[in-house]
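Both complexes shown next keep chain A, but they swap its partner, so chain B is in the first and chain C is in the second.
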Partner chain A sequence: MSKPDPNAKSRLISQTELDSWLDGLASKQTLIAPRDVSGVVLYRPVAGSGEILAGVPRPVMSVKELFFPPTERLLRIQKTRTGINVKETLPEDQTIIFGVRPCDARGVRLLDALFLDTAPADPYYARRRANTTLIGLACRELGPTCFCTSVGGAPDDPTGMDMLVYPAGSGFLAEAISEKGHALLADTGWPETVIGGAAPDSTDHFPVPEKGRWLGHFNDDYWMKMSERCLSCRACAYVCPTCRCFSVRDEMLGPGEFERIRCWDSCAGENYRRVAGGHRPRAEKGERLRNRFYCKFLYFPGQIGRSDASACTGCGRCIEVCPVGVDITEVLQDLERLA
Partner chain B sequence: MFEPKIVAFLCSWCSYTGADTAGIARLKSPANLRAIRVPCSGRVSPELIMRTFDQGADGVLVLGCHIGECHYDTGNHRAAKRLPVLQTLLSFGGLEAQRLRLDWVSASEGERFARITTEFSETVRELGPVHWRPEGRPRQEESRDLPIPSRTILFQEVDFTLRTEGIRAKARELLTSGQVGCLIGYGTSPRGRTRPAFIYSSEESDRLVWNADCTHNLSGYLVDKLAANQRGHPNENGSHLRIGVVVKPCDSRTINVLLAENQLSREQIHVIGVTCEGMRKEGGGLQQGCVSCQERTPVVYDTLVGEPVHPVRQCSSSQSDEIIAELDKARPAERLEFWLSQFDHCIRCYACRQACPLCNCPTCLYERDDSTYVGMGIGLNEKRTFHLGRAYHLAGRCVGCNECERACPMDIPISLLNQKLAVEIEKTFGYRSGLAVAPSPIVTILSGEYKEG
Partner chain C sequence: MNTNPMLPYPGKLVEVRDLAAEIKLLRVELAEPGAETFKGWQPGQFAFVSAYGLGEAPFGIANMSQDGSLLDFAVARLGSVTTGLHELGEGDTVGVRGPLGNCFPMDKFKGKNLVVLGGGIGGAPLRPVIQTVLSQRLEFGSLTILWAARNQSLLVFTDEYDQWRAAPDTRLHLTIDQADPKWDHNVGLITDLLKKVNPSPKNAITVTCGPPIMIYYVTRMLAEMGFTPEDNYVTLEARMHCGLGKCGRCNLGDKLVCVDGPVFNMLEVGNMMETYL
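The block that comes next holds the complex of A and B.
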């Protein structure tokens, strides 16, 4: 875990200064921040700081949707008289996202591991990453389902951010993390200080079982039992900052015109692993839900070759949205206890 | 001048021949009509019509044989029942109701064909181009956010100890005597949340609870659970063990619908009905669906826990009744904007569908490998098609348990669609689903339902 350097230079600013700075940013490029959208908090473009929700709450959806959108057009395919015309559609917008929580930014780093660091890099994702600046906001307090400290994160973890803002008293401490962040802060002329922000401490610590435990309990009856209440919906995967499965299909737009789209998919869905001939290797919902946990804690660390990096950021969103109370922290504890 | 694109589904036996008759008689009929020949007006499924509007039709006309003259006896009865329901739904979703018309034209009625098509074409021309597709619709300058009243009906605290004890005692009895192999009830998660619990032995019975958060409709688990049971080994008598389930009054109505649709049989289940004063929503107050609910005692049960109470309505009109009334008053364009703004944040996670105990198709029409009725994308148009289509599929079936809305991670008021249709069906057919084991009148044709001529 990379704790912020206590001697790093940060800048002390007031709420008004922060607001007018954000207004300035919004006038130059797209500013995305937590906003109220018909009663739901979401990361959406804002015209200025006035539209950002007071207290900058954490949105229901993670920032994942801004880099890896629910649906993305990859190509536009047109049949012409002489052949086929294929046009790639790459995103162009320059964007700043404000109010990103450490768990979300960490999620972006984990998505990078697969979309950027693994060759070939995904051009759509790469373009959005390059065009986006992440301004994080350290958490003043932990939410009821938060457990970031159990999976290697922290309420003030700067991983994946370009700049991090800590609430400090009635104002904020702004610290640049990446080069993009330094460039942004250099223009502000805010005075530099060396006081660090204090992060809240988590009381809930959940064990993350060792690789061996996951391997040893794959065939346990436990998974069939714990998943009985699962509805096989995809809410947990879609709100997750690191679930990254997708499906690709060509859709007809009109006569001789098609688009190739990529959109979110989830291993919880019954069709997810269906293969030619109709065979479904994960026919039971227990097998499907089990995969969610194995993917987070065993397959992903294996894929990127780092045993300490689980694909769970401890944001607790899946626990919040599950209509039937499936709880990832309960699974971790149960697995630790299984004989 | 604006030339509307009109798609006409013509029954092969009457209306299509009627169009020919009109042609032979050299009667004038509109040139902007694209005729699609179908075997019967009953073949024109609502999905087909929705797809037609999705693809940019300005108006859809369905013409069939007169009632009593259907080549397949009752095909046009189906159309006559379905299309008004679909029209209500599409109109509630923001499409002008006049853009969809169902009428009857026989083979000899060339003149009638010419008149109806001309009339329809003129009506649609007056309405102007359709703005059903989300992209490229004109910006609604004067569109206002429809006021959603935020009112909380107080939740009255009740002592649940007796009912919890009652459920546990019955569970113990059923499991010890081997009358059921599994009991589906409510338990508590380590975080203290109430959630579905599956109990297999009498020792586990003490895990069962009853409280103000037993919102889930557990009857949704029955169909899958019974199927899994059938795949397992039968007991020594050669039969499969029954499954017990704890139900509230609303959930019990689901059981009646499932029985009517032959999804399960009465002997396979043991129903523990619990009387209910309404459930609490997160953050206090009465659950949305409970406000206008009248049932206090389950309509079907083997064991009743709690004292039966006379039906009482908590409140004359619920918040959703008010929103529906508000939407009905609004212009179609405003309704369209309202629903698009709601569906905009849908993530197509299917939580609503999966939580719905009556959404039990093995493969959802909206999740097929081909994109026949809806594309795979998580775009606004696809999401709307899914939600409206799902609402239609639940018309006359939905019992109003509100699981869809409760399960939605994005708090979309989806159940308004179902409620709107439930009211419409009660008005038209005098039918409320699930009160008895009877199939929904919109999917059945009873003899003598329509008089000839």
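The block that comes next holds the complex of A and C.
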């Protein structure tokens, strides 16, 4: 587990100081934080610290939706008598996100690897990413479905953050991680300290199967049995910090006015692979759900050139959201046990 | 060149003709900077063509042209985008994104005997291979083309068969699935024709494209005939929405058809072909 460097200069602050700082940020630009939206916790713009949920719970949706929205306009298309006019529509908003969990920030780094570092870069994602500052909050404890420590993460992992805030006693320790974070923290005037943050030590991890086990059990009956209860509802992909499949289509806005949009999609969905003409590979649920797990642990890491990594951040959201109890931690442990 | 890879280049339809039943050949002329971007594209590569307002879909580029400014696409009317493309006429505007994907290693094919197997509209991305061989005929060994369709009305590039047959050391074998009184070539599946033609695997390369079921059985049969996995090439089709390795839709195991393909040999994807069906 990565503990903050004991010699790093972090800043010790009280809840009141943190709140008034966040209020200051919100007055200058869009501040996004975990907020109650009709009874659901989501990362949403807040007017000030008063709207941020007490204890800053982990939102139902990952922070992915702020960089890679569920539906996003790519192009604006106008058809006139004289021709067709096509314009790209790149996002402009500058935002600060507070309360980002380490698992979510790791998810952002994995999406970065695909959308930014693997050519060609995606200009929509790139713009949002460049315009956003991530202020993380280390977790006080692992939640009931959390397993970040089993997939290489930690409750105080600073990976992908610009700044990380650690709970410390009744207050917090704030530490700058990136250049953006250093600039932000330098402006606060908070006193420096060398005390490290205290995050929970978790010994509760299980081994993730090696590549060879995945390759060796691709054709196992296990996948068909395991997925029998799957509803193909795709909720697991939508809440996942790293599921990134999308579809692209044109929509009519009015006479001669159209937009090209992209929407989240998932390999668990029934028609995901259907092609015009009707051919439908991966027609079986088992083939589709198997693909999702193989993508997390083999395919996606390979596509970003990081075969050693896992594209699962251990946030546990898919376990919470699944209506029929498909549990990725069970799958990993089952695979380890298969003959 | 567009810095946004999702932004198409404008193209003008300069020729629209019927290629087969419900299949049209669209010839698109690109203006700058699209033409410059497409300069030097290679056989096997593909592009997304937009019917603006309806969407875009990927198509293998179906012709060789001197400078890349003229691109042929064979479009079967199957879904909303292809129906939209069918409704366009000469002079209309489309969008083109590309060139995308890898290509056939034509240099590696030089000096080899080539067996080209095309099924239906799957023949379209193979036409640039045939055209390349014919235009540099002495660089390659024999050329054997096995060309198939469900019925006679679905055979593509029929007006070019005489030219193919007339080329030195080149043979064309045709087959259709259903018997027809006006048909004096083979009747049966392409695997049936392949058995009859029985090409030698010696110093030979095969290139196959067609419906998934055809690719699956043809590549298996070629393996049984002694063609090695690394000489057994295919170009694959999968549902894809970006062509850039991002949208994730077109994976075949750990490969993405859009960026790792669409051209593969059986060494690369042979063990995943069951999941292609």
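Basically, the second predicted complex is superposed on the first by the 334 of 339 C-alpha atoms of A that agree within 3 Å, B and C clash if a C-alpha of one lies under 4 Å from a C-alpha of the other, contacts with A are read in each partner's own complex, and residues count from 1 in each chain.
Following the convention adopted for this analysis, a residue touches a chain if its C-beta (ideal position, glycine included) is under 8 Å from a C-beta of that chain, and two chains touch if they have at least 3 such contacts.
Treat the numbers as computed from the prediction; the structure is a model and nothing was measured.
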*State whether A:Ser247 touches chain B only (first), chain C only (second), both chains, or neither.*
both
_Touching partner for A:Gly55 - first (chain B), second (chain C), both, neither_ = neither
*asked:* By the touch definition at the top of the document, which applies to A:Pro207: first (chain B), second (chain C), both, or neither?
replied: neither
_First (chain B), second (chain C), both or neither touched by A:Gly83_ = second
_Tell me the contact category for A:Leu231 with respect to chain B and chain C: first, second, both or neither._
first
*Mind working out whether A:Gly169 is in touch with chain B, chain C, both or neither, as first, second, both or neither?*
neither
*Regarding the shared-chain residue A:Gly269, is it in contact with chain B (first), chain C (second), both, or neither?*
first
*Contacts on chain A seen with chain B and repeated with chain C across the two complexes*: 247, 249, 252
*Contact set on chain A toward chain B in their complex*: 37-40, 42, 60-61, 70-71, 145, 225, 228-229, 231-235, 237-239, 247, 249, 251-252, 261, 263-264, 266, 269, 271, 319, 321, 323-325, 327, 330, 333
*Considering the complex alone, what residue numbers of chain C touch chain A?*
3-8, 10, 52-57, 76, 78-79, 81-82, 93, 95, 211-212, 237-239, 241-242, 244-249, 251, 253-254, 256, 275-277
*Provide the residue numbers of chain A that touch chain C in the complex, in ascending order.*
74-75, 77, 79, 83-84, 86, 88, 90, 114-115, 118, 120, 122-124, 244-250, 252, 258, 260, 262, 265, 267, 272-277, 279, 281-282, 287, 291, 294-295, 298-299, 302-303
*Okay, in this complex, where on chain B does chain A touch?*
145, 148, 189-191, 193-198, 216, 220-221, 341-342, 344-345, 347-351, 353-355, 363, 367, 369, 371, 375-379, 403, 406-407, 409-411
